[in-house]
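The letters A, B, C and D name the chains in turn, as written, and every chain counts its residues from 1.
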Amino acid sequence: MRVGLFGFGRTGKAVATILLQSKESHLCWVIRKSKVLQHRSVPEFLGIQSDEPGLIFPKDEWTPQQLFKEHPVDVLIDFSSAEAILSYGEEAARREIAIVSAISEYPSETIDFLGKLSQQTRVLWSPNITIGINFMMLAAKVLTSIAPYTDIEIIEEHFKAKKEVSGTARRLAKALSLPEESIKTIRAGGIVGRHEILIGFPYQTIRLIHESISREAFGNGVLFAAQNLVDRATGFYTMEDLLIPYFNLK
Amino acid sequence: MRVGLFGFGRTGKAVATILLQSKESHLCWVIRKSKVLQHRSVPEFLGIQSDEPGLIFPKDEWTPQQLFKEHPVDVLIDFSSAEAILSYGEEAARREIAIVSAISEYPSETIDFLGKLSQQTRVLWSPNITIGINFMMLAAKVLTSIAPYTDIEIIEEHFKAKKEVSGTARRLAKALSLPEESIKTIRAGGIVGRHEILIGFPYQTIRLIHESISREAFGNGVLFAAQNLVDRATGFYTMEDLLIPYFNLK
Amino acid sequence: MRVGLFGFGRTGKAVATILLQSKESHLCWVIRKSKVLQHRSVPEFLGIQSDEPGLIFPKDEWTPQQLFKEHPVDVLIDFSSAEAILSYGEEAARREIAIVSAISEYPSETIDFLGKLSQQTRVLWSPNITIGINFMMLAAKVLTSIAPYTDIEIIEEHFKAKKEVSGTARRLAKALSLPEESIKTIRAGGIVGRHEILIGFPYQTIRLIHESISREAFGNGVLFAAQNLVDRATGFYTMEDLLIPYFNLK
Amino acid sequence: MRVGLFGFGRTGKAVATILLQSKESHLCWVIRKSKVLQHRSVPEFLGIQSDEPGLIFPKDEWTPQQLFKEHPVDVLIDFSSAEAILSYGEEAARREIAIVSAISEYPSETIDFLGKLSQQTRVLWSPNITIGINFMMLAAKVLTSIAPYTDIEIIEEHFKAKKEVSGTARRLAKALSLPEESIKTIRAGGIVGRHEILIGFPYQTIRLIHESISREAFGNGVLFAAQNLVDRATGFYTMEDLLIPYFNLK
């Protein structure tokens, strides 16, 4: 699976690390915002031994047409900005390259645009692309359908400087039909990120807890998304859509 | 749903309490080992206001034939002993009364006997009949199929006096293909019961935690089992079998 | 140590159980509100084997003068009502019987009254008389003096029906100079009681967690209080005062 | 407070970062094993804005005599190797420079040597120099003296690749008089480090939990050690010794 990555900020770098270390993916290139490039490849930049090219290109060095022609890939991963898709989307769809976007928020026109692209290729968009959080959300949904009389609480913990309520917690709340205001928000020290869904039965308690160790977690999610998208039909997907088949136990 | 209960020890009483409080079940009678009966009904015994009969009968007052004829029920709940089923099983199967057994262990002949009964009626046997533990086991199975490269640890905590490794933890280990010896056993003070399945990813951790508050938790499990068994075909079931359909997300 | 107990509600009964089981205390009598007495002793009532008298008296059977003369004790434990102390306090102080009160709230006049009594005898008043909570409060105080730059969060979890914020959590907040509104309140199912003090450092986190299993926990606290009060001088004490000497490590 | 740092490996770099960011310390220089130096200062190397010199010297560029004369410091921090102290110890003691060593293990002769140095200057040695772990150990000691009848369990969690039982957990066990074999060891994924001391009472549970986020935690411990050592008399200290005064509540 040949991969191209848009975005080489802190999360982009972490994702690139995972892609380079994985045997199932082949990192062909990375598009970086900054034009000042001291290094020409990701392995060199990150100090990782690898025979994958991982070429680093500044944002405007190529048109999408040239890039996809000269350096063809099977999947595009997007950790850059809400605008990037507007420039490369059509050419990618035309070439039926799968698109995996982890952009936090898109304006509604861009969401419509993603919808249009998904008529020609496979498009996945998930603001939180970790396996753990998406699994936890689905598991909690299952449990509330088994035991609808239980009480649910969502607790999220992050570093002191994080101002707003966690977007992931808000997604969990929405998925479980809880009001956003009911989320309990803990801010202390340097906590990377912890989400808990507590399900209270009359005489037992279940806690589903997700703890982030570092942003490399997104890398494993991206790999999972890319691999599971490959055999799918043209269309629009979320991480949930890709996880649901695994819940169909026999 | 008319219910008859075998067993009126500590867990039997807790289950009877839940059955009396539930609007979906109607506790007709309880079979008790002891012949010394100061009270003739469960509501009186437990001090609960209820218009359900909940008659308390000593073990040998009735033959199963007489009992099921005079006091007909739809479901039998068994929290008594491994022998009880041998006396009432055939008559129950003949009358197609559903059987829910929470007996910890049966000799293999009795398991065969249960199998035979299940050709005539619905038989459910689950040593741990709580919703929480069985949900957790299935959820962990799903997660390991999504992310087979993760490391799993099972940790169980109970009160100091509990000698052996928790049977529930052993079941979890078996279901997740872990060796029994890998279970981490904590014994301290008066902990009622806590089971944790920890799933370690390279950059994130998921914890599924079940905490028991009191043995009434079995009551909710029994109710769930009885209700979900009613519409099922004749056959042999476990709690897992009843929970699996809820995992089939769309 | 001969003990007399005021109050035989749910907590009073749990405390009486612990006192009967302890070899260090001798439960002489219990004063009960209800006049309808089917049983004349606590061991009989609770079904516990014991050679301690544990006589049950209705509230108005004795004047304090008669009671303390006929059935002398060393310590009084009060789990009854905010008014009880007004009737027995003076006579107890006159006889220098130690007083341990676990009443949640007193009007300010009664607090003054306790102060007066403490000029003649040892008086301890602590609304939460468990060892665990009081230890946790002092330990958190120590830690914040070591690392004043840390962030502190208090999280309390209780059963769904509990309406107001936990009084214990409010006491913790006050002791740690946190605004009451900063307490995070979780309400779900049948959780008995869980209090967490989370201390966030830039690169590490400490959690002090107290989990209540049942109200018998008050019994161990009462025993500790009574035993540690015996050798103290006349005066007014809280649980904190009795715990502080144990923190003086060498 | 002028500081010199021995050791510039992963932990050394993390500690240097904290020292540079702190207003209470002034990082004068770092001694590095490697002779290949691309950068001549720590701020430059780490990309941190700072007006502290933070000069990087290769191991053999200076004799201790020259170094301490040309670049005088008040405290030495040692995160290098068990041998380093042998070369700089005597000269540091002669000049009464405080020594803070976080070396994991020393041969017994070197421990004797540290003892001799401590007759001339203040020497602190603690293999785990975080505030959190040392606080937790002392707090648990206090609690076991208050409630000696409780059961204690130590649980440690680390990344899968960590082979042996955590040294910190072994220290906790020793301090609490528990056999080393009783430690419960969890190995899964990328867990940075989590230590729990669980104290089980009959009807309540206390958990003291320490979670490591990153090795920068050692930096805060080192700063605390250096600052608290400054006003102390000549002698040999551990982190515990420096924390104990904070436990003396009034």
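FYI, a contact is a pair of C-beta atoms (placed from the backbone, for glycine too) under 8 Å apart; a residue touches a chain by one contact, two chains touch by 3 or more.
Since the structure is predicted, the reported quantities are computational estimates derived from the model, not experimental observations.
Participant: Looking at C-alpha means, what's the farthest chain from subunit B?
Facilitator: D
Participant: Can you check how far apart subunit A and subunit C are, centre to centre, with Cα atoms defining each centre and the answer in Å?
Facilitator: 51
Participant: From the C-alpha centre of subunit B to that of subunit C, how far is it in Å?
Facilitator: Each chain reduced to its C-alpha mean, subunit B and subunit C end up 38 Å apart.
Participant: Of all residues in subunit D, which are in touch with two or more distinct other chains?
Facilitator: 189-191, 201-205, 213-214
Participant: Take each protein chain as a node, join two nodes whenever their chains touch, and name the resulting shape: line, ring, star, complete or other.
Facilitator: Basically all the chains touch each other, so complete.
Participant: Going by the contact rule set out above, which residues of subunit D touch subunit B in the complex?
Facilitator: Against subunit B, the touching part of subunit D is residues 150-153, 155, 157, 159-160, 184-191, 198-205.
Participant: For a test of understanding, state which residues of subunit B touch subunit A in their complex under the given definition.
Facilitator: Listed in rising order, the residues are 130-132, 135-136, 138-139, 141-143, 145-147, 201-217, 219-220, 224, 243-244, 246-250.
Participant: Which subunit A residues qualify as touching subunit D in the complex?
Facilitator: Within the complex, subunit A contacts subunit D at residues 189-192, 213-214.
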